[in-house]
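Quick one: the structure is below, questions incoming.
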Amino acid sequence: MANFDVAQLAHVEMFTPKLEESLNFFTKILGMQISARQGKSVYLRSYEDFYHHTLKLTEGKEAGLGHVAWRASSPEALQRRVESLEKSGQGIGWIDGDLGHGKAYQFYTPDGHKQEILWDVEYYEAPEDQKTLLKSRPQKRPLNGVPVRRLDHVNLMCKDVAKNRQFMDEQLGFKLREHIVLNDNTEIGAWMSVSPLVHEVALMNDQTGSEGRFHHIAFWYGYPQHLMDVADLLVENNIKIEAGPGKHGVSQAYFMYVFEPGGNRVELFGDAGYLIFDPDWKPIVWHEDELEKGIIWYGSPLPTEYFLYGTPDVSSKVLVKE
Amino acid sequence: MANFDVAQLAHVEMFTPKLEESLNFFTKILGMQISARQGKSVYLRSYEDFYHHTLKLTEGKEAGLGHVAWRASSPEALQRRVESLEKSGQGIGWIDGDLGHGKAYQFYTPDGHKQEILWDVEYYEAPEDQKTLLKSRPQKRPLNGVPVRRLDHVNLMCKDVAKNRQFMDEQLGFKLREHIVLNDNTEIGAWMSVSPLVHEVALMNDQTGSEGRFHHIAFWYGYPQHLMDVADLLVENNIKIEAGPGKHGVSQAYFMYVFEPGGNRVELFGDAGYLIFDPDWKPIVWHEDELEKGIIWYGSPLPTEYFLYGTPDVSSKVLVKE
Amino acid sequence: MANFDVAQLAHVEMFTPKLEESLNFFTKILGMQISARQGKSVYLRSYEDFYHHTLKLTEGKEAGLGHVAWRASSPEALQRRVESLEKSGQGIGWIDGDLGHGKAYQFYTPDGHKQEILWDVEYYEAPEDQKTLLKSRPQKRPLNGVPVRRLDHVNLMCKDVAKNRQFMDEQLGFKLREHIVLNDNTEIGAWMSVSPLVHEVALMNDQTGSEGRFHHIAFWYGYPQHLMDVADLLVENNIKIEAGPGKHGVSQAYFMYVFEPGGNRVELFGDAGYLIFDPDWKPIVWHEDELEKGIIWYGSPLPTEYFLYGTPDVSSKVLVKE
Amino acid sequence: MANFDVAQLAHVEMFTPKLEESLNFFTKILGMQISARQGKSVYLRSYEDFYHHTLKLTEGKEAGLGHVAWRASSPEALQRRVESLEKSGQGIGWIDGDLGHGKAYQFYTPDGHKQEILWDVEYYEAPEDQKTLLKSRPQKRPLNGVPVRRLDHVNLMCKDVAKNRQFMDEQLGFKLREHIVLNDNTEIGAWMSVSPLVHEVALMNDQTGSEGRFHHIAFWYGYPQHLMDVADLLVENNIKIEAGPGKHGVSQAYFMYVFEPGGNRVELFGDAGYLIFDPDWKPIVWHEDELEKGIIWYGSPLPTEYFLYGTPDVSSKVLVKE
């Protein structure tokens, strides 16, 4: 039983072919803070993220996911998960750590997304001029852009959603909160969490048939007005908004999807969503004939590209399966 | 170890000397729904509350708390808690249940607040005309008032905060998230939770020296605009607003406090607050010299009455201790 | 010079083939108030509309515009406008009045929209239980739905925008604030006002080549959150949202378009927009290559139907001109 | 008849003893833009202000009003006002102009506030990198702070409100929209406008008995959320919030009052307020027994200081009249 062994999404590494432009986007428009630079990587966090970083941007040939890191609930929980992962055959092995955290155990999802689990983290310490009297806030609210508050979740494209959903459940204790099941019983989307959030991870069918691609990273505002405010800044600064603001039926999120200059999709999450406290939650099943409202409850529709584009981009390489 | 054995705040019973007027307030202004009436009690829920009821309003001679009910994480967790509570000497015993839930074990906090813990719950089933296509919502969003979304927390006044805080920790697994500690080390406020919410229960020193009184119940909106909207309705309909809207430093809540017609204080929670996912969270200590910003980060100040008035009202019976 | 002779949009009459269903929509969801019923008409107003009514709903065989009524700035201004209208050949003549106002002079726009201009109005007087202490508000804020605050503007479809724009300017003193001019110099949209609002009337090319049709009536919220709130109610109650929420570049309005059950398009205006105080305002010209951002600055796109559907509906009668 | 001869509030000059700190506040927190510096003055504007500047900050020994400038509706209207002002005995005379505008006629209110009226203005021209596709916006929305959108109004403290109200009406065509009249018929507050705004100028009794002082300048957001956002920045950056957010009954404004570092009070206006289109508007009279709701409809109360403090500060010089 992996229940309660994973506590939270700790950080995400993303590759970008345009490091400085990506940085500009995350710092000037989303108000994120740089914690450190090392080699080809820059470490960033939102102003209410407590750890050293929640986003590691690494220069790469093409956009895509580096890895997803989960924090275990305790050193013992970490040990339990590693033992299980080793047996699963999906394990890669321990790394010594990185800036901002200690040793971590790395592994692949069945689809091939690199992930890691860790316990030791370094807490962010604000410099004197950024210390705030609001003691649950690790630093002052930034003066630049419309600052995101915290990392929320990742969405991973999968060739086989069901298999990866089962892995996240069995190996890491993620509970299935909502999923989309077609009439032929194919599962094409799954929203899973280890906390009352509806998801720290979503798994979504890759209609191109590719494996291990990245759909999006989501940062949380919690205030609908902030989506309007940042949309204004995005349009003024030539950042492409793919869709939104709008409200999903699935997960109830008030969303906006944008492309950071490196090509990765970023979701900006504009309300509180709903929270699941019921310990006996029965996963919500969205059937084919319920999908219209499930995908868009109201507001901006999603373009076809939303279901096909992921990073790395394969649009020039594959034909869409009909 | 009580960790994870309690899952959530299930419901609260409040007494009111003016049942029909209280009902009017909760249904017409806060948009709550009546699930059932039985004897001198009416059972209500917010439109995103999943169970049969989250508020039981019972006619009584004076305002005050009936009881607070917690839902265990599993039948086994319930059993563990009951065994521990029996040993603690604070247990009352099992009741067969009530409308909306099965058997529950009742007990008193050291201060004398009646609480219960249970597993079996009845889920709310919407009538045909209230069924919604939004599958994570148990019913349609109501057309009346500015409808609250869900029950959030309770605040209990205590003669001895530290003793009750310790009880909630040891017996029920509540984690201390923030507290206020005076220079003489007296703890005068504690915010505790079993989930990433900063609190499902707050304990607050009763400056009148009374025991077992009730400070407030809180319902959650999650949207700041809703506090403005409902404030308009409250003023138009002669419901007294005690304080707010304003933002606490402690808990970061965007608050408004009002008195329902029966005399109980109700908090309307107007934003998402912040969530605690860190499994190794160190409780935040607010010291005496940090209290000004801790109590009010910005917005409406709290009147003295906020620290003295609770239900039952004792203002005609006791002198305030200086 | 008609400058300053027209003060404001006073009311609009709309036809609906489903009077009771339309009424349900305007009262239960938009929180509008019924002032009177007479014959086949019901008179309604928003809670911050000062006059007897701003919307007259009249049962008719098909949806469409009854008439648009403007209030003159003074009895003398009314007289000046009538003399001019009589000379223009577009005049119909005086009517004795209607519920809520005195005599009015009726006329047609070149496209055939019936309009009237009047001075004498009856002010709404709230019944005792609706009187409010907020003295600039004619009645309490309603408890039902997400109540709109006031009538804002009308949008009229025109076979020839330029000709009608010229008429509104010369006969009624409407100032051109923004317009869309194609590369071949055809004017396909014009936003005009007699106040700092960007428009009390918009004129929009009817791509079906029809004359005298109605595009929409707009009610004002002023708060973005209210579009989200009412969208929720609309979806729950099977009212079709055509587009939005989204922000137009033209006029900067934060819009949502819905169809009331009778088939007329209704715009819900969700922010303050911008105001024009410059007495020497130069009309903004949107050229063909600027239209993308002009039509949608951010948010939900407009469907093709938006540019074709008006009331009365002619979709079964005409072919769209390519 | 001065009706329609004044079109709008053009700009305000304020003195500050701490020019650089004041500038920091207006640019970094309120997101205002510097148009020019000359001598001891800096010229600023909000991002949706169309002219060269709306705020002129001039270094001075103490905080206070420099002057208030009104734009006439036409060159002829300017001429009419000047002739009338000359006859009134309150005229000072013509100045050649200043950065951003041409010749202006200066005069004093009876209380001694310096004002001017002008026609020729210079429009702001954004540099290339600040040009926006939103054609009704003179520049891009700024990336810094929570940017105010436009100058809204001024509030002038008066020894004799009625006399100054009469002057603004007779000499400049300001219409009385709302006022506060005590039981002894003393008028202690008046809100006046030349447009549908409730006020471009408020006159408020100076309870210290001083003459010609300045109460506040107001900048407009139009969005309630922005008051919360900027309040966060203000607290983090040690800018004193005097009161708010809260909603006045008078004028319906959603307000927040802060002190810029130089000591002048600045109001941040957080919603759309209400607009007056009725050409036959009867001024609203707030009587003594209606003042509680008139001053605060809901939200943060006003401290006593609000009614006594103005700039220049006289608190060390005079005794408050009881």
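A, B, C and D are the chain letters, set down in written order, and residue numbers restart from 1 in every chain.
Everything that follows uses one rule, which is that contacts are C-beta pairs under 8 Å (C-beta built on N, C-alpha and C of every residue); 3 or more make two chains touch, one makes a residue touch a chain.
Remember, predicted model here, so these are calculated numbers, not experimental data.
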Two candidates, A-C and C-D; the one with more touching C-beta pairs is C-D
Dup interface of A-D (contact pairs over half shared, numbering-based), picked from B-D, A-B or B-C, is B-C
When centres are defined as mean Cα positions, the distance from chain C to chain D in whole Å is 32
Note: chain C sits from chain B at a C-alpha centroid distance in Å of 46
Chain A to chain C, mean C-alpha position gap in Å, rounds to 44
Where chain D touches two or more other chains simultaneously, the residues are 133-134, 223-225, 232, 235, 293, 297
Residue positions on chain D within touch of chain A in the complex are 28-29, 132-134, 140-141, 143-145, 223, 225-226, 232-233, 235-237
Within their complex, chain B touches chain D through residues 224-225, 228, 231-232, 234-235, 241, 244-247, 254, 293, 297-301
Contacts from chain D onto chain C in the complex sit at residues 4, 7-9, 48, 50, 71-74, 133-137, 149, 178, 195-198, 222-224, 249, 251-252, 271-272, 274-275, 277-279, 284, 286, 290, 293-294, 297
